[in-house]
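Handing you this structure, nothing more for now.
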Amino acid sequence: MTAAEVSAFLDREFPQIHHGGRTYHVEEVGPLRARLRMDYHERHIRPGGTLSGPSMMALADLGLYVAVLVSVGPVALAVTTNLSFNFLRKPAQRALIADCRLLKLGKRLAVGEVSIRSEGEDDLACHATGTYSIPDRR
Amino acid sequence: MTAAEVSAFLDREFPQIHHGGRTYHVEEVGPLRARLRMDYHERHIRPGGTLSGPSMMALADLGLYVAVLVSVGPVALAVTTNLSFNFLRKPAQRALIADCRLLKLGKRLAVGEVSIRSEGEDDLACHATGTYSIPDRR
Amino acid sequence: MTAAEVSAFLDREFPQIHHGGRTYHVEEVGPLRARLRMDYHERHIRPGGTLSGPSMMALADLGLYVAVLVSVGPVALAVTTNLSFNFLRKPAQRALIADCRLLKLGKRLAVGEVSIRSEGEDDLACHATGTYSIPDRR
Amino acid sequence: MTAAEVSAFLDREFPQIHHGGRTYHVEEVGPLRARLRMDYHERHIRPGGTLSGPSMMALADLGLYVAVLVSVGPVALAVTTNLSFNFLRKPAQRALIADCRLLKLGKRLAVGEVSIRSEGEDDLACHATGTYSIPDRR
């Protein structure tokens, strides 16, 4: 699947991620990996202008889901079983980039990590790991 | 602080949690604990009618934040440093209840756990733990 | 399985947990739960007399494994896939008690939590959650 | 601090990590990072010849501790507050290498990640993240 195919799949299957404005974008996909972008948008902003923790958590979950999706295909819907986050630095007042890669793609479980940075920065705002259960394929 | 005082504080300081409709409610607070409710609402719903993981993550984060807030008071704003989630069962098509309690309230760190259930059920839909950094108070 | 049967099974299958001295004991088992005890022993002690983090992590992993074992039986060997720990207070200079319970026992995954206290105390020294993959049973 | 200085410090301050045989070695240290090695040794081995989860958890905790130590110096003793592990593949029947790096070194908290592999392999056996509380320095 290409980034455009993944985006079309998400629009069809998960339209609610765009509720309140389209802010999550699939920028690149590759073997076991995906890069997503989240716009700096009113509905993600906390007082003082920082981006909220929940908006980064949603970004990480979506990014890992995409990395699984491009690896196992759109038939089998993976289910998140575990997510763990370390919030490291206040994000800047601009878009966030999430680099997601799978550390393991097994028959039943996929495990990945996500590095979230403000666009153009090196330091991480948030680091996440997640596990996804992959349904039996016959 | 009472549940009403906490709600008023959240409305003032975190208005964006109500973006798209008021769905998070502080039901009860007590020493080291808080109970919150999340309405079954269009913006939290995944295809098939289930409530989304990110909406439960936002609920858990808010609930632990409230448990810290009632314990240390509204002056010092705590910052989430770590959150970890196990997604256990698909929630039912109704409101979620989050029971939050602090396992530790130290000078610098508060650590708590959250049990999220569909209203009226015993089994957990999600279990979370979180750590909050408490600023120096002088 | 009774606590004695579980202990006999562990002695046979995991003799290395007793390497350096028998310090882990299964005290009670029940539906979806287990209570273990770890002796205050030289090989678990850090300078200053506190019990080491790794000794508590080993205790939590063993306790959840036992809770799974009593629930699915000794045939299918469960494999740890995720463990997450919050270290809350320095343990006292005596034995630790680990109360383990499963939050979910599914066909493929079991998820549980562990509360570790110094014997006779209420406050937690450590809280853990863990996920175990259960092999297919035919 | 050099790898040799760190090793000497650990021998003096944490002699119990060598209880049952010296198996943990500091191989390299650098800014915000450390590489450790754990020998394939009887006391770490599970039936079937695989290395135990607790031995990998102890390795990760030690490795992150070393990465903090080389960054803040030997005066201030950091305390582990959170550790989270994903067990990805059964390790091979040989030594393990742990590559540890800090994602954040703040005034109060350090957060890092660890990649553990069997020596000579690319795929991870285990991935860990951890948080350490750094005492006030005056």
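In order of appearance the chains are A, B, C and D, and numbering begins at 1 in each one.
Everything that follows uses one rule, which is that a residue touches a chain if its C-beta (ideal position, glycine included) is under 8 Å from a C-beta of that chain, and two chains touch if they have at least 3 such contacts.
No experiment lies behind these values; they were computed from the predicted model shown.
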Could you tell me which pair, A-B or B-D, is linked by more C-beta pairs in contact? A-B
Relative to chain A, largest Cα-centroid distance belongs to chain C
Euclidean distance of C-alpha centroids - chain A vs chain D, Å: 29
With chain centres taken as the means of their Cα atoms, state the distance from chain A to chain B in Å. 22
Distance from chain D to chain B - Cα centre to Cα centre, in angstrom: 33
Residue list for chain A, restricted to those that touch at least two other chains: 81-82, 84, 86, 111, 131
Touching residues on chain A, where the partner in the complex is chain B: 13-16, 19-20, 42-47, 52-54, 57-58, 61, 79-87
Touching chain A in the complex, chain D uses residues 84, 86, 88-89, 103-104, 111, 113, 123-124, 127, 129, 131
So in the complex, the part of chain D that touches chain B is made up of which residues? 81-82, 84, 108-109, 111, 131, 133
